[in-house]
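Next up is a structure, given as structure tokens.
Labels for the chains are A, B and C, by order of writing; each one numbers its residues from 1.
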Amino acid sequence: MLPPAVETRALGKSFGLVPVLLDVDLRVASGRAAVIIGGNGAGKSTLLAILAGVSAPSSGNALIFGQESHRLAADTRRNIAMLSHHSFLYPNLTALENLEFYASLYGVRNPHDAAYEWLTRVGLANFAGERVRRFSRGMEQRLAAARAMIAAPMLLLLDEPFGALDSAGVAIMTDLIRTELARGCAVVASAHAPMKFDGVDLDQYEIRRGRLIPLSDHAEPPRASRLRALLGRQNQ
Amino acid sequence: MTAFVAVLSKDLRLELRSGMSTIAMVALAMLVLVVLVFALNPGVARGPEAAAGALWIALVFAGMLGASRALLAENENACIRALLMSPIDRATLFAAKLAAAAIFMMVALAAGVVLTVLFFNLNFSGALVRLAPILVLGVIGFAALATLLAAISGRARGGELLLPLLIVPLFVPALIAGVRAAGAALSGAPMATARDWIGILIAFDVLFVTAGYLLFEHVIGEE
Amino acid sequence: MDKRLGNFLGAATLVLTAVSLWMVFAWVPTEAEQGIVQRIFYFHVPLAWVAFASFAIVAVAGIFYLWLGGQIWDDLGYAAAEIGMLFCTLMMVTGSLWAKPIWGTWWTWDSRLTTSFVLWLLYGGYLIMRAMLEESEQVARFAAVVGIVAALDVPVVIVSVRLWRTIHPAVLVTRQGGHGLEDPRMVVTLLVSITAFTLMFAWLLMTRLAVLRARTRSIELAKAIAMAEFRAGRA
């Protein structure tokens, strides 16, 4: 059986003396979407950074497709993508060049064609030759989304994906997420408030004082045992 | 390999578009040479030996400015995080950044050589052909150290002081060897006399490119 | 166990240093060529040996830290750097004191003094880097890398400086000092002195290391307390 996209066990993270995350048990299988809710500074971005493999856990572990998150193999990293309020785009490169660069980096075949295809999908084909520094915020975010998806990730990490999007952007983003989930991609998204997706089953959690608390219609004790998490998630 | 090429060509393309790093480095190299010319009397500071020294001084100062920028430019829009998340090997990333820094430095240094020939009463002759590989060796060693250490100094508040503080003592052997070899090249002496110096430069480069390649993963990355 | 070893080292250092001082100032014969000043040699050489050896310790500690983890390796590296810096400074000072009467200037760029100066700069850079990055979680890794790189540099510095100074000898002749010890008493004095300084280094290192480890432990305790409060304050 393939390991789940995300599995954390008693994951903890402290910065210096200050604990931010504590005893986080999270399991996200392929094709499932988990939403992590919390206020500013709750630790949502910290958790996503750990799942992305750029920040190491202070205690416990985070397994991404079965591998330790801070020691991911190149092949595993190929399958992970992130969208955050940082655009990860080079302002002095054109939209096309940005996408081509990341496509080559991720070993996408025919990076040029893939780049064009994705520019069209996010409605930026007309701006392929424009430098990103001239883009509006909305355009930048659409390009950032294309950047994330271009390598067909199997785990998508979204840091407040609907943060500053206009309604057109929200529609595109929602569509993308739905398509990715249908592909079997796992999604972990952070948000300020619970999300709702038509036709998509979301596993919602809240970070309360460092702990990850599942939110659902069924009453769940704050610290679900690992076994229950294993069985429970499948049934929701 | 593709990843190396992708990152390097991306950096070169960006530099061609803005040219900020190279222009700054050329300017600094020129300023260093100008200061030397005015600070040292014409009787003292002319000829191949003085020129060699001046050129290496320019290399060190312009290098410090430019070599770190190849790495620290990734901080804009958190692109460094995107690179760290990507499949690229940390060591390969080091190699790409090193190559970019070295290329920028060599371009700046080419301008520096022209100015040195003019300021220090030399000739545009075959000596410059013999000089080129020596400067290349120096640039590679410097860029290796700078790329590795810039990742550290970039983290410190006031890190601009830290980079020169760490690099200069480390670079001393290459500086000693490089100036003597360059002096030999410019004065038309047979290169056999500079053989030991060139040997030191090569050893220096091999040592620190390898060290950087192996150690880079420990200095790049978030908390 | 630590304390007993520490006390033993301290006592041994005291005894051997006393013996060494007596030997250097009272027992060993004066060297023919340089006169009384030459006695500095019996301090300068051990100091040099320790300064260089300490740097090796910094690098090896760095390697172990990166390879095995464990804060103790970082503490060891830091302690060795601090003590090494002290001995390196003393080495340069004694070298300078030796140079003045022999050559009439306080400093000369002969190969040994130059190399020790570069070593001193490397130590200094390491320590300043540690000071500037103290708050960072990653300071131990950075220090390990810098220590390793600096240690790799030292042999190249030695070779290049020696080549430089032999091809371009200083106006003043390079001192031969250190070799050609005619009298066996000189050899004995030197060996005793080396042993004394090595013990002194070991003792200082142990003491400093104990302080750093205590600091590490107190930080760990503080973290544990913060964690417990965090857990308890919110059930």
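In the analysis below, a contact is a pair of C-beta atoms (placed from the backbone, for glycine too) under 8 Å apart; a residue touches a chain by one contact, two chains touch by 3 or more.
These figures come from a predicted structure and were not determined experimentally.
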{"item": "Middle chain, criterion being Cα centroid separation", "value": "B"}
{"item": "Pair of chains joined by the greatest number of C-beta pairs in contact", "value": "B-C"}
{"item": "Chain whose Cα centroid lies at the greatest distance from that of chain A", "value": "C"}
{"item": "Whole-Å separation of chain centres (CA-atom averages), chain B against chain C", "value": "31"}
{"item": "Chain A and chain C: spacing of chain centres that average the CA atoms, whole Å", "value": "50"}
{"item": "Distance from the mean Cα position of chain B to that of chain A, given in whole angstrom", "value": "39"}
{"item": "Per-residue multi-chain contacts in chain B, two or more chains", "value": "221, 223"}
{"item": "Overlap residues in chain C, where contacts from two or more other chains coincide", "value": "137"}
{"item": "Numbers and ranges of chain A residues touching at least 2 other chains", "value": "15"}
{"item": "Footprint of chain C on chain B - complex, ascending", "value": "145, 148-149, 152, 155-159, 162, 165-166, 168-170, 172-174, 176-177, 180, 196-197, 200, 203-204, 207-208, 211, 215, 218-219, 221, 223"}
{"item": "Chain A residues touching chain B - in the complex, by the definition given at the top", "value": "15, 49, 52-55, 74-75, 77-78, 80-82, 84, 86-93, 97, 101-102, 104-107, 147"}
{"item": "Contacting residues of chain A [partner chain C, same complex]", "value": "14-19, 22, 208-211"}
{"item": "Chain C residues within the chain A interface of the complex", "value": "135, 137, 222-223, 226-227, 230-231, 233-234"}
{"item": "Residue ranges of chain C in contact with chain B within the complex", "value": "66, 118, 121-122, 124-125, 128-129, 132-133, 136-138, 141-142, 144-146, 148-150, 152-153, 156-157, 159-161, 163-164, 167"}
